[in-house]
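In the two complexes that follow, chain A is the common piece, with chain B as its partner first and chain C second.
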Partner chain A sequence: MSDTTANGGRESALLRFLWKTVKLLATVALTFLGLLLATFLIGRVVPVDPVLAVIGDRAPQSVYDRVYVELGLDRPLYEQFWLYLEKVFTGDFGQSFLTKRDIVDDIRRVFPATLELATVAILIGTLFGIPLGVWAAVRQGRFADQFVRVFGLIGYSAPIFWLGLLGLLVFYARLHWVAGPGRIDIAYEYSITAKTGLLLLDSAMQGEWDAFKNVFSHIILPASLLGYFSMAYISRMTRSFMLNELAQEYVTTARVKGVPEWRIIWVHALGNAAVPLVTVVALSYANLLEGSVLTETVFAWPGLGQYLTNSLQNADMNAVLGGTLVIGAIFVGLNLLSDLLYNLLDPRVRRHA
Partner chain B sequence: MTVLSRREWLLSDRPASRRQARLGQVYRTWLGFRSNWLAMVGLAIVLTLILVAAFADVIAPYDPVVGGDLRTERFLPPFTDGHILGTDDLSRDIFSRIVHGSRLTLMVVVLVAVIATPIGLLVGTTAGYFGRWVDVTLMRITDIFLAFPRLILALAFVAALGPGIENAIIAIAITSWPPYARLARAETLTIRDSDFINAARLQGASSARILWGHITPLCLSSVIIRVTLDMAGIILTAAGLGFLGLGAQPPQPEWGAMIAAGRRFLIDQWWVATMPGIAIFIVSLGFNLLGDGLRDVLDPKARK
Partner chain C sequence: MLHSRTLLAATVAVFGLFAGPDARAETPPDTLIQAWAIDDIISLDPAEIFEFTASEIAGNSYEGLIGYDPMDVTKIYGKIAESWEVAADGMSISFKIKPGRTFASGNPITAEDVVFSLTRAVKLDKSPAFILTQFGLNADNVDQMVTQEGDDTVVFRMDKPYAPTLVLYCLTATVGFVVDKQTVMANEQNGDFGYEWLKTNYAGSGPFSIREWRANEAVVLERNENYSGDAAPMARVIYRHIPEGATQRLLLEQGDIDIARSLTAEELDAVRANADLKIQEGPKGSIYYLGLNQKNENLSKPEVRQAMKYLVDYQAIADTIMKGKVTVHQAFLPKGFLGALEDTPFSLDVAKAKELLAAAGVPDGFSVTMDTRNTPEITGIAQAIQQTMAQAGIQMELIPGDGQQTLTKYRARNHDIYIGRWGPDYQDPHTNADTFARNPDNSDDAASKPLAWRNAWDIPDMTAKADAAVLEGDAGKRGEMYLEIQKEHQETSPFVIMFQEIEVSAMRSNVNGFIVGPSFNDNNFAHVTK
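This part shows the complex of A and B:
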């Protein structure tokens, strides 16, 4: 008897979990559709004539009319949107006006650079941000707390492109500690074959340690800067989660039991704060995409951000919208991922789902 | 009864009028705010910004757009006679440009706040008050806007509208209202079923009247704190757009655009790009400190 209810309980819990996942996916699908609608509408209001972008401004009227119909511009707006959807889902974002290549290929080419930069940055941000946040929470209201707060506030307040320029001026031009703009020196560019597109990984796997060093000295400055910005956010959130946990009764109980303080802080409290922290880290990873647009411009980093700004400055709307869409999709994806992780990791959410 | 001092009158725990109670509340908040010295620094910075913007013509010793002698006054380093922050490639006094740029910064912040706050309030309170499909529809739209990183969406909008400071302001406003809508909705949900709203409804008040006259004022304070907290972000986004050449156009002395212009001379004439960056940094730090302090005072829950 009790066996069946337990079973039934588990089944309905599973069902609820599934239902929640389905609902979440439906929301994401809807959001994604909205994203597409937004880029579509932005593309329609641009003052650039899409026909002229294809044929140039010297083609005769007959060619113009033919392309006009081919692009579906004579049809009503909702049919145009449908056409746009069909194209996007078959991976056709159109051609870049600038590079004359498919946008998808362009994005695939530049994406690993951004991924590498953002990943190193989030590693730096997490490795420094979490301990700083814990430190601030433990020393609440004291010097350490104020220090972490001001340190974070500076990160929130400084324009990242300006810090990047200053960093280049000081650490590259004056002190020669790091390599300059770009991902790798030309001398090393052909010593490694691109497999993953992540140069740190590629050079390490191929045992090219000189190239690895070079790549590292290129990436460390922009990644530290980006990492600093996510660190500011991560440390602030860690602090507030930790304060929450340290005020709980189980902490008092553990203290009474005589558990050493470091264990209470780093194992008990941080262990419980870790679940919401996963969400925070995932979100800051997504926010790095935004910071990367400006950072990549400053450091001539051949990634998605630079591609986007380059296309913008040359009024290459297909590329701009393609890039915007990809970044939006990654953003939505990471948000979804953080939601799912949260559901998966937190036993309370799992049970009450 | 003796005549009370102004302070005692404000702090009285038995206010005689609604006005006294309200002023007393404001005074207590101010006392709490004043004890936070970081917040006071923020307030001082923001007030300075406003004053500098108002008296830019008096403060700036030179014209922000027309430079001096191109043969002798280019790239003068900081602390040269008469040019405290040096001059740029067109012999313009950097200090004067920064002072005049404060007007653009202030304009961006104020206009974005004035455009985005009402949109957020309207969408949020409407969604929260009517519920059901209105809520679902409006919140879906809000989520879509939240699904883009802010700068990227602003970039796409500016690309569509064309570069310029007005379009940058519109783009930033379009991308900043969703959080306010969410906040206003959450506040509305908590007060929508309270007795005084029901009483107003029973007296025959229209939905518009309830929304505007009863719900919006109650959502206002938390939304305003949120807007203040966002102002630093707004300044940074505007500067970023300016840096990418999509915001204010030269020769306007916009700080982000000035950094972009100074970038070419970074190695040898470092001050051209550095000085406007310091201005951006100080101002957005000021807004951050002010917003933090306001939140601490007005929202005791967040204070830990």
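This part shows the complex of A and C:
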């Protein structure tokens, strides 16, 4: 009897797991399909003629007509979408009209630039944002709180375009602390071979420390700026989560028990505030990974934001759809990751799972 | 407060750790680095290249049969061709190929390569192919029209006896550049004449070879060690994609780039004041104009068209918003072209414009829209025009849009007014006459849709005159014909032609030998030293 129960329990656990996996996969698939459909339709509503991106302004009408048919624009919309889906399922995302390369190759080139910038930025944003938020919560209503609020507000409201140029003017042109726009100096460009496309990682792995230093000196300013923006948001959220935790009874209990104040703040309260903070950080990271067009423009950073904007302005739909899929994958991925971290951080969720 | 001080110290320490004199690098002495917006490049195949940046790159990495002196375009000389001869009936031109020259691959440049390149461009039929097909060539007949005779001669045949200079200038365009047949055909797939490969690769014979094109990032050229002419002093020329003018200026001032290609008038003023930097300029063939759609009832009245030409403050715009970047020019042929009309009869004259509007039956003006590309310069010009138009009661609403967006609307003839810039495709007057003064069929589904068509301007008589000018072999007479067409055009056309562009580049003062030619494929850095 007991054997069968155990087996049945194991089987039903397996079934539950399978069902969960299927549900998850179906959700992801539907999300991607919806994303593609919406992007596709938006691309067709934009009043830009995709043929122009291919042939320019000068081509005679005969060339125009030929390319119009070649791009499949003479077919009904649903047929165009279906053809695209068929190709995507076989792993063929098509070619960009603008760069004349496979979308996959393009994304492989532009995404690491954005990934590297966003990762450094989110590290800066988190490493500074969380302590500042904690500090503001502990000193609620006092000078420190006001300072963090104003400092954050500036980061939140100043146009990044302006801050970027100002940053370049001060730290690059006047003080010479950092290198200028771009990812790496020409002199180092060919000293490292791109393996991951993340130049910090590539240069470190190949032991090219001069190149590493140069790449760092290029990335630190734009990453600090983007990090400043995330920091503003993260510190505000940390503050409010911390205020909530510090008002809880277990904090009072701990104080009565004589636990040192630093331990109460940094271990007990922050440990509990960390659970919702994971989502905040993950969302900030996802936003950064979409690529920031303005930052990328000012800093001549060849990333995803510039690529997508340029493609959209030229109605280069294969590129836009490909880029959108990447962003969709980032959001889905980070969501899953933060769910996973929830499990690790929150004992209640862990027990239920 | 200890905490904030720690934070500050940490920040400074991180910056300080990586700071140092080497954070500010000079460009290497054998490398020329230019900052430009290079996102217009869509192909590196000469049969397809038509954009500014790509044309310039092709001009420095490929060669045509013939070329001209960028300082005096009437001086045509042989590049790949040693000599040429126009047949007595004017129906063909024979080119003799220079012996002993090679491509970057080391392969010799032969008559076979020339025939291959020209027939390939016609058969691929990409955007610029019309520059060749307008002489009666098409995919079916080109193998008979362009042929090799003997070992070293190429014969180019036409369907009519066109003015020889027209044909020669067309062959100097990038679509006529010669590609290395052996290299290209080694990369052919499915009968595509190597197009899939060449659009991102290189098979030419110019002073530089193209090493790589990273879209929206950089183009890297290297000295062609097999170049048959004098070797270029620079080992490498790099274009960096820096779309922002302010960023370009910062990089130039710091010495991280050698040449900044797209600074605004204001930034150029700052460069002029800096002793480490200098400015180099050259007149370009591009023209800024307004196109008045004749489908709009008000704009189709001759007096209204005339009035609008008196409602632009040409000189003020050229002296302020576009300072140093344009000169006032009011005819469709740019200065430097055969037969260019240099009269500028129009200036801001509100009283006269009001008289003309009254004569047209709209004494109080009217409302109209103008599709305006959202670049700072075009927007600035448009706003200045909006103000002067309002002085005569014309309420002009500006509709901002991205480049492709405004263009889509313009090409569909859905605009009222379009503010545009037009650059000639080759150095012969026909290139602009063909679009501004010819409209063979004004119906909506016309086979040819020049600028006159886009503005619905039906001109059978002027079209006939422009067609006649193409066949006039005598350059003097031909010039007269174009002058006459332009005079009539200037008075009656729905085009308010305003300025001719001057291309201005800012560079470090140690950069010498950069040539700014009349078209982008004439911009040359083969002799640049620093």
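Everything that follows uses one rule, which is that the second predicted complex is superposed on the first by the 267 of 353 C-alpha atoms of A that agree within 3 Å, B and C clash if a C-alpha of one lies under 4 Å from a C-alpha of the other, contacts with A are read in each partner's own complex, and residues count from 1 in each chain.
Note that contacts are C-beta pairs under 8 Å (C-beta built on N, C-alpha and C of every residue); 3 or more make two chains touch, one makes a residue touch a chain.
All figures in this text were calculated on a predicted structure; none of them were measured in a lab.
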Answer with first, second, both or neither: which of chain B and chain C does A:L168 touch in the superposed model?
both
Is A:P159 touching the first partner chain B, the second partner chain C, both, or neither of them?
first
Quick check on the superposed pair: does A:T297 touch chain B, chain C, both, or neither? Answer first, second, both or neither.
both
Thinking of the overlay built on chain A, is A:W19 touched by chain B (first), by chain C (second), by both, or by neither?
neither
Between chain B (first) and chain C (second), which, if any, makes contact with A:W82: first, second, both or neither?
neither
Tell me which partner A:F331 touches in the superposition: chain B (first), chain C (second), both or neither.
first
Contacts of A:Y250 with chain B and chain C, given as first, second, both or neither:
neither
Could you say whether A:T39 touches chain B, chain C, both of them, or neither, answering first, second, both or neither?
first
Just chain B (first), just chain C (second), both, or neither: which does A:F216 touch?
second
Under the contact rule defined above, give the chain A residues that sit at the interface with chain B and also at the interface with chain C.
46-47, 165, 168-169, 173, 297-298, 313, 315
Listed in rising order, chain A residues that touch chain C in their complex are 46-49, 52-63, 66, 96-101, 106, 109-110, 128, 131-132, 135, 144, 147, 165, 168-169, 171-173, 175-182, 185-187, 213-214, 216-217, 220, 297-300, 302, 306-307, 310, 313-315
The answer for chain C against chain A in the complex is residues 3-4, 7, 14-16, 18-19, 21-25, 27-28, 31, 33, 35, 39, 42-43, 50-51, 125-130, 199-200, 214-217, 238, 240-244, 246-247, 250-251, 253-254, 256, 402-405, 407-409, 411, 425, 446-449
Would you mind writing out the residues of chain B in touch with chain A in their complex?
38, 140-141, 143-145, 147-153, 155-162, 232, 236, 239-240, 243-246, 256, 259, 263, 266-267, 270, 273-274, 277, 280-281, 284-285, 288-289, 292, 304
Chain A contacts chain B in the complex at 27, 30-31, 34-35, 37-39, 42-43, 45-47, 140, 150, 153-154, 156-163, 165-166, 168-169, 173, 240, 243-244, 286-287, 289-290, 293-294, 297-298, 308-309, 312-313, 315, 317, 320-321, 324, 327-328, 331-332, 335
